[in-house]
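Note that the chains take the letters A, B, C and D in the order they are written out, and that residue 1 is the start of every chain.
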Amino acid sequence: MSATEGLSELDTAPGRTNRLDTVALATEQPDDAQPYAELGLKDDEYARIREILGRRPTTAELAMYSVMWSEHCSYKSSKVHLRRFGDLPKSDALLVGMGENAGVVDVGEGYAVTFKVESHNHPSYVEPYQGAATGVGGIVRDILTMGARPIAVMDSLRFGRADAPDTARVLPGVVAGVGGYGNCLGLPNIGGELLFDDCYAGNPLVNALCVGVLRHEELQLAKAEGVGNKVVLFGARTGGDGIGGVSVLASETFDAEGPAKRPAVQVGDPFTEKLLIEACLEIFAAGLVTGIQDLGGAGISCATSELAAAGSGGMAIDLDAVPLRDSTLTPAEILMSESQERMCAIVEPDKVEAFLAVCAKWDVLATVIGEVTDGDRLTIDWHGERIIDVPPRTVALEGPRYERPMSRPADLDALQADTPPSSSADLRADWLAVVSSPDGADKSWVTEQYDRYVRGNTVLAQPEDAGVLRIDESSNLGIALSLDGNARYARLDPYTGAQLNLAEAYRNVAVSGAKPLAVTNCLNFGSPENPEVMWQFAEAVRGLADGCRELGLPVTGGNVSLYNQTGDVAINPTPVIGVLGVHADVTRRVPTGWRADGESVLLLGE
Amino acid sequence: MRIGVITFPGSLDDVDAARAVRLAGGEPVALWHADHDLKDVDAVVLPGGFSYGDYLRAGAIAARSPLMADVVAAARGGLPVLGICNGFQVLCEAGLLPGALTRNGHLHFRNRDQGLLVERADTAWTSSFEQGQRIVVPVKNGEGRYVAAPAELDRLEGEGRVVVRYVDGNPNGSSRDIAGVTSADGRVVGLMPHPEHAVEELTGPSVDGLGFFTSVLSALVVAA
Amino acid sequence: MSQVVVDVVLKPEISDPQGQAVLGALGRLGHTGVRSVRQGKHFVLEVDGEPDEAELRQIAETLLANPVIEDVELHLPARTTD
Amino acid sequence: MSQVVVDVVLKPEISDPQGQAVLGALGRLGHTGVRSVRQGKHFVLEVDGEPDEAELRQIAETLLANPVIEDVELHLPARTTD
């Protein structure tokens, strides 16, 4: 049984048909068998849920815990390692650090910048265009949620060999999807990567970065505070797309045939997202919200439990109020749907009318679905019956945590053994292989599909090493960004490899003339259940953290993508590192390349 | 001089168009698609973007918005109107300009710095140029291939209605390399390239685009 | 409630790069018996009650299609006779 | 030579922003009797001789449609009887 099939049977009480499973029923019938294993929960995880609730979960609660405790949402394998980033020395520039939707950095003159990179690897393999498009859509909403206007995107892409047949299926769709969504949002694409390696043939990597700008006082947080405040769901209607996509797709290994489970694909609607952006910015400017969260993986389950967990009270939701695209959806499906282009806001009762008016102006559907309560429970009702009654922190913050076994890959010594070319013929062959690699080829076929000009503030973009944007037209304050990864180094030595990646992104930002300020990262690895992969992951995190300490940079956030492998074979460990820098005056940026005859050439460094 | 810039849902280059108006010395005035209010502007710019997501056909839904009825009426009375990219698509869909813009021949969105030949330097929007001048302005579109029936194209050529033509390569397969056309009276101009992205050394490939905005300001001064 | 289908096709004199691309792909895949491909749009509308042909034709011809480059075919449901 | 029509429609559970946008426009233009609009693709193929249904179905399902999100409807010509 696939997870999606398992879900459509949810909502009816176990062992019975057609009777909604409610909290009352779960209390009455505590011992009914439940399909937790099909939903990806381990025996001990299920036992913990029962312990937390003091009874069996309802089927809707089971659905909610299973997505929220999935690898993708809970970071259960990576959290113990990511703590290293939190231990870095405090940076004065850091206004909001890890733990929020995206980190926020002070860039001076009262401006702050927020940026983050996120993966959409598995969805892009299943449906390249929509997978990549919705990847851009998701990261843009993360940035918007911080109160910022999104101002640019970047994309880091990896595929199988350039001449492999499946690359011809995946690559054009991914590029068109990144472009289609970003262009339609009016966000310039200011850089990225495109690399090829056999290890990505069955598991391409699509990492998207978004950067946004705000005034310090405009910062928004994902928090439900204030008893009686309303919970407003706004944006697209909820449909049956991507149900369980997060737990199913991102926390599962593909075999040679691709994913065994195919949740319905999410289709992006960039036009609706553009309207959401404009509506949100107008709502922020008018001071109409006290907290806001985007809906991404795990949909309403995630947004409500995270908002409530971050606040001091509880929350009561009436699920019947959620506007649906498909009236046959069951409550668990509504809770887990990953329909795109939705947001959830906490609004004081006397501001609801003004909030709805802004949404109406932008043709954005908005609905009050509940309110903040005193007490400490998240409750959700359906057709007048209680189907969820949980402590929200146990869903959103207190998921499982694993110290997975680790071991240094057995083949590493052999890989590291130095075998320089022994003859000039070998050297020639190696040199030809390097210069003829598609990795080094002109990327304009890709970058011409991206709008680099929109918003009129793009100072440098492709083919420059760093993208540079003007932030303020009068002072010429600006920022630089670079996104880099080198998985071959990381495969040879994940600790040093991560540092080399960091150094590359750092240099790219520095040579544009900017002062590097902060780091984001997307860590793409194989299955955490493989001790060798877990070792690579831990080493890469340790390397990156040590590198950041050396350079005096904070890690402001990022994303972990695990289970990137085909069958038993993991991708090369692929940390993708983004560095943000600030330009006091963008007119003094330094482009790449020789500019004029007669200039001197200097080599810096060792 | 007050130059209106219309924002439709999904307009993207409205901020850029307003900046270009300002840099040219005009006063940009924000206009909203749903209002029946042209706010007494002296000219109107329809900016680039993806109005209504370009779903259905590029520009089709925006062309039927309330404000467009006012724009069509005012344009028939001589109000200068410039449609850039999506704005050009809207003007064709609204019947103010002939022809239609369709999916690029190579089926990709394309963004590049594009050479253009100015063929008409006597419209409300091109008087700052010399006839025959070559300029460089970015193009960026997925549905920029200008088409019309062959007889219609012959008629337009005969009447000198082609304002700018692509040179050094046709980015989208447009018929006869047409990049922009004008109404019979030279007051309404539509083009696929983006002059508003070529107004500052810092951010554009040239400052050639400024000429479109200075043209209308001087046309208005002459008229006043 | 009845269902109305509107097909929008490019006029014959307007070139169709999408159809051309499909034709090229078919040739490369060995489907040489296909001589030409034209790509258009297909709309399925659900309307209240009996469809009003005049109104639907107007919708099809003025909104769903651009008469400068496209033709429409309107398919109304066979009238129910009960 | 015969003509084969293939309509490609989004699977019912897949959202259709294009159809939604058309529906919104119809409402604003006063055509309130239209309840829903779904937009798909319409292909007209000319094939040599009698169409081979199995081959055309394969073409429709693998090349013209994206089976992850779309369904196809194949319309073969009524067989000529002469």
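The definition used in the following text is that a contact is a pair of C-beta atoms (placed from the backbone, for glycine too) under 8 Å apart; a residue touches a chain by one contact, two chains touch by 3 or more.
Fair warning: this is a prediction, and the values are worked out from it, not measured in the lab.
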Which of A-B and B-D has more C-beta contact pairs:
A-B
Approximately how many whole Å separate the CA-defined centres of chain A and chain D?
35
If you average the CA atoms of chain A and of chain C, how many Å lie between those two points?
39
Please output the residue numbers of chain B that touch at least 2 other chains, ranges allowed.
52-53, 55-56, 64
Among the residues of chain A, which are close enough to touch at least two other chains?
269, 271-272, 363
Specify, in ascending order, the residues of chain D that touch 2 or more different other chains.
17, 20-22, 24-25, 29, 39
Touching pairs of chains, which are they?
A-B, A-D, B-C, B-D, C-D
Show me the residue ranges of chain C that touch chain D in the complex, using the header's touch definition.
1, 7-9, 19, 22, 25-26, 29, 31, 33-49, 52, 55, 59, 63-64
Of all residues in chain B, which touch chain D in the complex?
52-53, 55-56, 61, 64
Which residues of chain A touch chain D in the complex?
126-127, 130, 236-237, 239-241, 262, 264-265, 267, 269, 271-272, 325-326, 339, 363
So, in the complex, the side of chain D touching chain B is made of residues 17-18, 20-22, 24-25, 28-29, 39
Please give the residue numbers of chain B that touch chain C in the complex, ascending.
56-57, 60, 64, 92-93, 98-100, 102-107, 145, 147-150, 173
